[in-house]
Structure formats: structure tokens, C-alpha cells
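Dropping a structure here in C-alpha cells format, bear with me for questions.
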């Protein structure tokens, strides 16, 4: 593989990681207007559960992935029931949902993060998984990073296809565009709404599980990931599954090429610069509808 | 006549109570011990931040996360001008620098709405942080500045008090002015406000810059407490988040709401932190959620609701 | 009630108070601190610092208390969470010093927080022995009450350069994080290498929070340096190690700064840490005292202390204990005693000059079969160095 | 003849490939009451957007009271004497009715004077509209019909020369529509404003105005007296359908 | 198939604000019943309460069986509702919107029903790939009706379908309403276009301030003096 291809691949892989981080929030915020700023905390919970299973129970993290998804989904339903249902029921419009969910999610952030401190302590944690490298056309990449990238690609495309082509996916989109309209065609929004929220939490958990294979974890790891997620979904266009993937990949590429052409020190400057420029040119993100 | 406020003016009793409060705050350095003074300082800092945030964002519904950026810019002005400027001057210049920054970026970004605006303003803070890191490293070979001789605690306190009071006073004045009416109109329906003759662009830029002034001045004033100033410390996004949190919990459409919330929130956090060292954030989070669910209008709805009740009765 | 009766009551009250006062001679020694239990600083603070405070207080109390000029008094720790916020650090130490009026203080975690409390300890006269603060800038503030336990960047980098020179290293490539720590280490390394006439073939910096360094590492790899040095923080240290392995970047010396000394580094990276060098000071093999400390830590917390700052934190507590034994809880006397004497600690003899620990030499450590062995300088080493480093496994 | 209040010259609006308004020219003189009809999607509201500066035309010129305002912001139009309402009422829900009206007075209406004493202040405008009782009530709590009236009040607060009304009678029963029409005539007759009025209640509209313009697929297909327009075959075909014969 | 709707003692509102106070209305099977009344009388609230979109008190029976308060189950029972403001999915194409209308139909019947509805609305068939939000008002109204019809409702409620439409379009829409009625579906129509509505309806109710003030055959209601002066505007 040529040098440029390798650089691009490196950027794409990192971008895939960004996309995975953002997928869950894209469902919750992009589609449902629930500004779940505690997204990163649920990601952290997924990471810890996976680490726990791996180190205590010696369960293969990949095998454990569906379990994490299920556990977090149930947790998501519970959180929705306790915290967000009252908001969704009483709020007059999307702006109110957004503002009030932001505050509630702040509370959740405090609670979840500190429960993690109590349960797992503040220490950095991690385990070795798929750390061997894979050679692709002469270039080598960590297998665990490739796995995350593969998941990002597959999950984004699956989500995109589901939202676009299946009736269920259309129902989800319909519910967000007009809840009343959705109810009047017989969609049970009282079931679907929490389910989508739960799916968002589950995706956050899965992202955390995948990240725990690559990066070290700690209870305070969530906030930077929430920020990354917010940037990726706004860059891509809120609610767009394709935009989420494209936004993540674009950031990854900008970083890789930026690092090469300028200096790694400018990496953050470049990614924020690109983010701001894109939004100035396209105020509703790359894939605005 | 047409210049009279569009909101109720404070009664005489309120004014008297306020005057007493201000007097009490002003003598605090000679009454309180260092810790209580510093607690009061934290309350004042968040009061100034939250009230000035609400002045723009509460009125216009433009959720800005740029507070951390303004605060950091102010702090950096203190850091850079530390040797050549007196403290009050650097506080004022810190405010001006943040204000100028807000005006310049405001021209570019104030056409964005909702989440896009919020995330972009957050991104701006990060952009400035990394830009300062880069430039500072390039020209001085290191990052961060050490402030060796800092003003007395009482001086810092009184300065922050003045800035916070100025923020409240300006916010009250703005609300009863045409400018404030224009901001409120933009929040309610921007296009409608424009079709009624408001130059919405100019008003937004002005409001954004004015609110940035106080965040910048507070950053400049607080920086001296930390001896060492580097970008990660002063561009702490949490300062911005907490400001938004306080203003919204208080009721961002009011002045008194964020003011009361900043005091309640700071004192409550401190009390819980000291009493329940391992559980305080869980308690705080739970209280926050309960508050949002059972008092959706924010703390301010406690008294605005009462007033509405009086009107009905 | 008659007047005389009232007087009597008052007299009794005074007597009781006086009694309490007399009793207070044996009241516990209150030692206060603020440290991060939550937020981004907590990972460092809860590994290297606070566990030591707790273990020390327990050990001292189990032994009957702190010897204060021959009198045993219990230790009472007054610890608060600083939420990883500088302003909260300042406020909490103000509370400890002026409201709680603690007898002594222990330091917060990290260079920034130590900077912030420096004016307070100077003003109120509290000696502070800091295990997790580095940087010449701190020492340049010349607070008479501040004592830095950690080896300064130039000392550590000199040791590394000496080791490299001893292995006749010709070329070095390095990266560093754009933050005070990374910058100070970088300039110290540059100076040391220049002095040893070792060529720097590449030097790059990167910002905090980076998630991918593969392009940079590829570039470094293509230059084929003898040694690679990463002056990084824990997340980046992990990242650099993993990605160097992925691209099979195998220089003869692979050195990464903060994080290598953490047991989690070995747990997370597994076999690939073999031969990796880094910032460390000690390990259980360093001395019997070190072994005792290590075992006690594992027994109490079910986790190993890190091989760098944990021991400095413990050494700081040992110094404080020795100073109190001689000077009591008169803080000025404690400060003067610390400044003037040499102490026996878990990391060896320590003496301060201008607040700097001038006794503990620069050290290079290396992971070998699950232990972070000290490999340089020779008089401190617990094992011979693996050179060249075996390829990443 | 005096300078018209508004002159639109060959105004076109394109959205991407879609032509929403296609080369429309229109002059409105002072105290003129003009009805505007056309099927949905004909471009009526888009044309209103351009006439009030909310949307810049893709091509063409807009002259208000002799001044070329093409491409200027909506606030400039408002300050130059063009005020409008929106199809769905856009009142400031949290402000009282009185504050809503005062909003226009404080901004566009501030530098302008108007001879009629209905324009003195918010109370007199509310009085003119019969909303005096609602002055202190938050606009969001008013009935939809009253909100529509209040929208007119806000526009009057701008002390305009030309009032653009977009479907003020939508959702009203025939009886209520008649009352609305009477009010609009009073706005012209008593206050002396020029008015362009979009409405689907054709029968009432035709009775109330002396000039009707018809938009169809972005083009102006008729401009004339109501009785002539009602008989225009193009208008019948595009808009009125079977109703025309019976009504005329 | 046809259904009769009985509304008995229905009260509903928004939070503390009571809008409807004890409404009794019958919609005869297979017939067109119209509800008229001034703005703000509670007509829209009535339909929302029947559909379960807002909480209600009182009884609502469809063919003698009680309707629950959950919108999804009410739709499942065969009650279609074309709501105020149409409530279309702005970002969905005509085809997608209609597919969603068949959400409750058995999988196998969906495409056949889609063909039927598209055949009944050639205009929708023409624009099958256009996004709902970009269509004209009349077309949107048609789409909203078509969406409700997808579920093969036994009864349809329409809330001011003529609002904001051109005269020509109104006539076309009312023809559609008649066609629905003629196919045997019970229709409950809320309409502000009183003259036209009464002209085509069999039964009519007048609702004012949350109560039924007049009810009976459309002819009787049309003949009433109050209705003529208050609603028809022609004396």
C-alpha cells in the first residue's frame, strides 16, 4: 500500500472510532431531541462491564458484546421511564424537550459517573484484546482498531438501511417528524419512543465495549467522548446515520492528513477549524435534509 | 413613556433588600474568614456568569457554550498583561477582549440555530484553547504563565463583586430597555421581530458581545487565584457547562432565577461536598433531576407562579 | 438562682473547658488535604497519592499514633474531594487552614493544583511535601514551605541520556505532549542529548486528547532511530505503545514517560510491554523497605502501587512523620527541620535544597517479565537492562 | 400620480430549480385595498416574503415609497412602512397582548408618525381592533381568532403605509370572516393604509376589495376589478372551479 | 362495513383548562355527520379526545364497544383521524407516508391496499416520490386523507380538511369525503365552511364553548335561525 493510502486508512480507522462513539447520541439527540449529555457516561458503563467480564469472568469481549447491548438497553428503558418520560409527556415542543433533557442528563452524568467511582474506583483500567496487528496491502493496523472500524461501517450502514428501507425504521423517523401523525397511523409511540432511547443507550454501551478493547478506561472518560459525539453528529447533520459516519470519517481524515502536512500539534486546531468551517458553509451539517 | 420597561419594575421593598444585600456583601472581607469569603467568591463568580449568560442566551434562546472560551480569554489577558497592567485594568481588558472575540465570531456564527449553535460555540472554546497553546508554545517555548505576586483575597473578592453586580445591573437595565425587548423578541420569533423593524443581526451580536464582557472580566479576575495559568485550566469546559446549568435551573428568562440558583447551587454543592465526600455528586444529580421534573419552570417559577396566582385572584 | 450560684456555674464551666483543653494535648493530629476523587485528575490521584495517605494514617494509628516529640497522638485525616477543579482546590485549602485549622496539610494531586496552593502554604506557613508536582517553574517561586519529592525533568532526562550514551546510541526520535510537563521534559531531553552528542533525528509534539498517532509513528519508523522517546501522559503512552506494536516499530530503546510505571500499563498492554522503558523510581526489589511498603499496599488495597510517584508519596509521609517526631506540630519548626535534615525513606535517603529533592538520582526503569525493573543508574538497578529491546510481542 | 407605496418590478424567486415566483410586477398606490388569490403553492406567501424583505428576490426590483430596497433586510422594509402578518399567527406567546403591539411601536413604528390617533399607543391600537380587554393576557393564551387579530395589531404597531395580510380569516366561520373583512375595510378607510390581502374566502374577499390579483404557478394571471377577474376563464380554470358561475 | 360512534358525557381539556364539558354526539353508521361551531369551541379537542391524543373523561363507543385511551389501539379498532394541521411526516415521500398508513395492516395486504389508495388518488400516484413537506396544501390534505384510508378504517374523522384551500380544491376535497361516505365508511367531519358542510351532510351538531348547543339532521340545523345568522353570515 502506498504511503498516502496508509495515511488515509489510518485516518479512516480513527474516524470510524469517532462514528461509533456518536451513533447512540445520534439516535437520541439527532432523532429524538433528547440532549443526552450523559452519553459518554453510558459509554463508560459499557466499557467497564466489558472489562469486568473480561478480567473477572474471563469472558471474550466480543462474545460479551450482545450482553452489554442488552444490559444497557434495559438500563436505557429504566432511565427513560424515570427521567425522560415525564419530559417527553409534558413538554410543549422540541425546544423544551431539548432544554429540560439537557439538565436531566447533567444530573445523570453526575450520578452514573460517581456510581462508577464507587463501584470500580478511579484507577485506569484495561485489558489486552486483539492487540496483534493485521497487515493490509503492506500497511499494518491494530486488529482491535480494525474491528471497531468494521463495526462502525457495518452498524452505520445497517442503521442507515433500517431507517431508510424498513417500515420499522420509517416508523421511527415518522415518530420524530410528527408524533401525532405517527400515533394516528397506529404506531404505539409509548413503546417505540422508549425503545429508540434504549437503543441509543445500548449503542453507547456497545461503543464503550469496543473502545475498551483499544483504549484504557476510567470513570471520567465519558465527557470527552460526549463532546466528540456532539461534534460528529452536528458535523454530519443531526439524525442522519450516513452523516454520522461521514462526519466521523471526515474528522479522522482531517486529523491524519493534518498531522502529516502540518504538525501533530495542530491536530485539534485543524479538526475544530474544519468543523467550524463546515458548519459555516452548511449550517445544518453535511447531510442536512 | 414608550421607553418604560416591558417587565415589571422592582418594588421599593426589593430595592431596599437589594441595597442591604449589596452592603452585606461589600463588608464580607472584613467579617468572613478566608474560606467563607472564598465560598462567597465562588457564588459571585457563578452569579455573574449565569446572569450574564441568561441576559443573552435566556432571552434569545441561543444556547451558547462559549462561556468557557470567554472566561479563558479573560484569564489569559490577566496572564499576559500581568507584569504591565494593574489588576483592575486587566480585569477590564479581559472583558473587552472576550467581548471583541464574541463580536467577531458572532458575525460569523449567529445565523446558526439550536444545537448547531451550541456545539459550534463549544468548538470555538476548544479552538481558542488549542490556538493559544500553539501560539504560546511557538513564541515562548512553553505554555502557561506563573503569577508570582497576586492581589489580596479581599481585593479579588471585591473586584469579582463589582463585576457580578455590574452584570446584574446591566442585565436588569437591558431587560427594561428596547434592546432587551428586541432580544426577547428574537427569542420568541426572530423573523417576526425582524419584520417589526428589529435589526436582529446587530442586536444579536451586541447581546452576545455584552454578555461575553462579563464572562471575560470574571475570568480575568479569577485567574490570579490559581498562580499558574495554562489553557487546560482556564478553558475548562465545565465552567461553561455549569454556568448553563445554573442559569437554566434558575430560569433563564429571568434575572433573579440565575442569581438565586448560582447561590443555591454553589452553596449546596459545597455543603454536600464537605458532608458527603463520596456521595455528593450522586445526591446533587438526583436533586437536579427531581428539580427539573417537578419544577420545570426553574427556581424562578416559585415566585413568578405566585405572582401569576395573585393576578388571577 | 442566686448570683453566687451563677458564678459557681460559670467557674465549673471554665474548669470543664480547661480540662478539655488539657485533654486536647492528646487530641489527634489533624491533617488536611484536598484531592481529586472525581474528575479527570482522579485517575492519577487515586493511584499514586490518596491511597498512601489512608494507609499511612492507618499504620500510624495502629502503632498507637504519631510520635509528636515523644508523645503519641492519633492521626485524623480531613480529606475532601477537589473535583479536579483548581478553584475548588484553593477554596478547600483555605477552609483547611483558616476554618478547620488543621495541624498539618498534605498536598493535592498534580503540578497545577500544587501551583495554586503555593501562595496559601507560604502565607499560612504550612509545609508541603509534594509527590506529584514537577517543573522548575514551581521551584522558581521559592516558597520556603514547598518541597518537591519527584526528580525534576532535567535529572530524569540526564539519566536517560546517560543510559543511551552508555549503549552508544547514535540517533533518537522523540515526541512530546504540548503541556508544561511535556515541554519541560522535551527541552531537558534535548539539552542532555546535545551534551552527550546524540543526534535527534525527529522531534514532534502533539496536543492532549489525541486518539491516533500512527501517522507520526510511521514517520519516526521510517527514520529508523536507535531510540524512541515518548514524553507522554498515560492515555498517549498506551496509544503510542499499542500503535508502535501495530506498525512493528522496534527501535533498540523504546521509552515512554508517564503511565509506564502504572501496573495497569502492564495489565492493559500485556506481553507487548516487555523491554519498554519509562519514568520509574523503584520496585519491590529496590530495598526491604520498598518490599514492605509494596506488600502492605497490596494487602490493604488489593492493588499494586505504581513504580513511580506512589513511593514518593510514601516517602513524603515518612519525612513528615520523622519531622513531627523531632519538631512537633509547630509548622515552622517542622519546615525548618525538613529543610535542614536528611531523611531515610522508601526511595532511599532524601535531602532538600531550595525545596528540591537533591538526593534521589534520575532513574530509568524497564518492564521485564512483569516487573518494572530499575536499570539505570547502575548503583540503583534491580536488574540488567534488556538491550536491544525485543520486538513487540 | 403620486409615487406608489410599493412597486415590484419583474420579481422572481427561485428555490434551486423550482420557480416559486415568476416575473411578477405589481404596483400598489396609497389607500388601495388589493385582494390576492390563487391556489395553494401559487407563490402568494413567497411573494409576501419578498415584498416584506424576509426573502430576497432572485431577480427583479422592489421599490418602497420611491426607495429601492431590493436585497435589504426585513427590518428595513418594516422601517420603510411595510408591515405584514403571517399565515399562522406568530405572536410572541409569552408577552402580553399589549407588549406584542408595543413591540412594533418600539421598533419599526418608532421613527414614524401617523396622523390617526389609533396609532398613538398600544392601548389605542388594541382598542381599534376590539382587543382592549385582552391587553394584559399573554398572547399565547388568546384564542386563535384573537391571535390573528393581535397579529394585525403588531403590524399596525409598526405604523405602516402598507399592510400585507396573509389569510387572516383562515379557520373562521363565514360569519366571522365577514367581521374580519369589515375590520380590514376600516383599516383602509379609517386609518388610510394600503392593504394587500391574501384570502381563500373568495366570496367575502371579492365583495370587499376593488382590485384583485390572481397568482397561479408563480405567475400573475389576472389583475383587475373583482367582477372582471371572476369571469376570467384562466382564473376559473385555475382557481375558482365550479363556484365561479354560481357566484358571479 | 360501517360503524357508529357514540360519544357520551365526554369531557377533556389541556391540563387545568377544561375545554369540553359533557359532550354527547352520535355518528350514524355509514352516514356523514358534521360538527360546526365558532373558532375555539372545542371541535378539534373533541376529535383529539376521541382518538386518545389527549386524556378524556366519559365514554366513547365504536359499534357499541368502548374505546380505550391509547391512540394506537383506537386506530387498530378502525377509527381513522385526519387531524388538524394534517400532521404529515414532512421528510417522507408520498409513498413512504402511505406505507406507514398501513402500519397495522397484515404484511400481505399492504401493497394491495397501497395500489387501491393510489388508484383512488391519481394526484398522489403522480407525486409518489415527492416529499410531503414540499407539496401544496391541497395535495398535503389529500395525502393526509389517503394515509388514514390505508388502514381500511371503518370510520373516519376529518378535522377542517378545507382549511386554507382554494375554492376549487375545497370542492374536490368534499367530493372525496362524499366518496368515503358512499363506500360505506362512517364520517365525522369538522368544518368551518358551514354552508358547504351542511349541504352534503346527513346529520349535524353545533358545538359552542365546549357544549353541544344544537343537533339533528343537517336540514334542521340549516333551517335554524341562530345557525343562519351566526355561521352563514348572510341575512
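Descriptive notes on the structure:
Letters A, B, C, D and E name the chains as they come in the text, with residue numbers starting at 1 for each one.
In this text, a contact is a pair of C-beta atoms (placed from the backbone, for glycine too) under 8 Å apart; a residue touches a chain by one contact, two chains touch by 3 or more.
Every value quoted in this text rests on a predicted model; they were computed, and no experiment measured them.
Listed by label, the chains touching chain A and chain C alike are B. Set against the C-alpha centre of chain D, every other chain centre is closer than that of C. The distance from the centre of chain D to the centre of chain E, each centre being the mean of the chain's C-alpha atoms, comes to 31 Å. For this pair, chain C with chain E, the centres built from the Cα atoms lie 74 Å apart. Inter-chain spacing, taken between the CA centroids of chain B and chain C, is 36 Å. For chain B, residues touching at least two other chains, in rising order: 130, 133-134, 137, 278, 281.
Shared interface positions of chain A, i.e. residues touching 2 or more other chains, are given as 113-114, 117, 265, 268. Touching two or more other chains at once is no residue of chain E.
Pairwise chain contacts in this structure: A-B, A-C, A-E, B-C, B-D, D-E.
Listed in rising order, the residues of chain E touching chain A in the complex are 51-53, 70-72, 75-76, 80-81, 83, 86-92, 96, 99-101, 103-104, 147-148, 150-151. Interface residues of chain D, counted against chain E in their complex, comprise 37-41, 87, 143-145, 167, 170-178, 200, 202, 204, 238-243.
The residues of chain A lying in touch with chain C in their complex are 6-7, 10-11, 13-14, 17-18, 55, 113-114, 117, 121-128, 131, 133, 140-142, 145, 214-216, 218-220, 224, 252, 255-256, 259-260, 263-265, 267-268. Residue ranges on chain B touching chain D, taken from their complex, read 1-2, 6, 178, 181-182, 184-185, 188-189, 191-201, 253, 311. Touching chain A in their complex are the following residues of chain B: 61, 63, 108-109, 111-116, 119-120, 122-124, 126-127, 130-131, 133-134, 137, 237, 241, 244-245, 248-249, 278-279, 281-282, 284-289, 292-293, 296.
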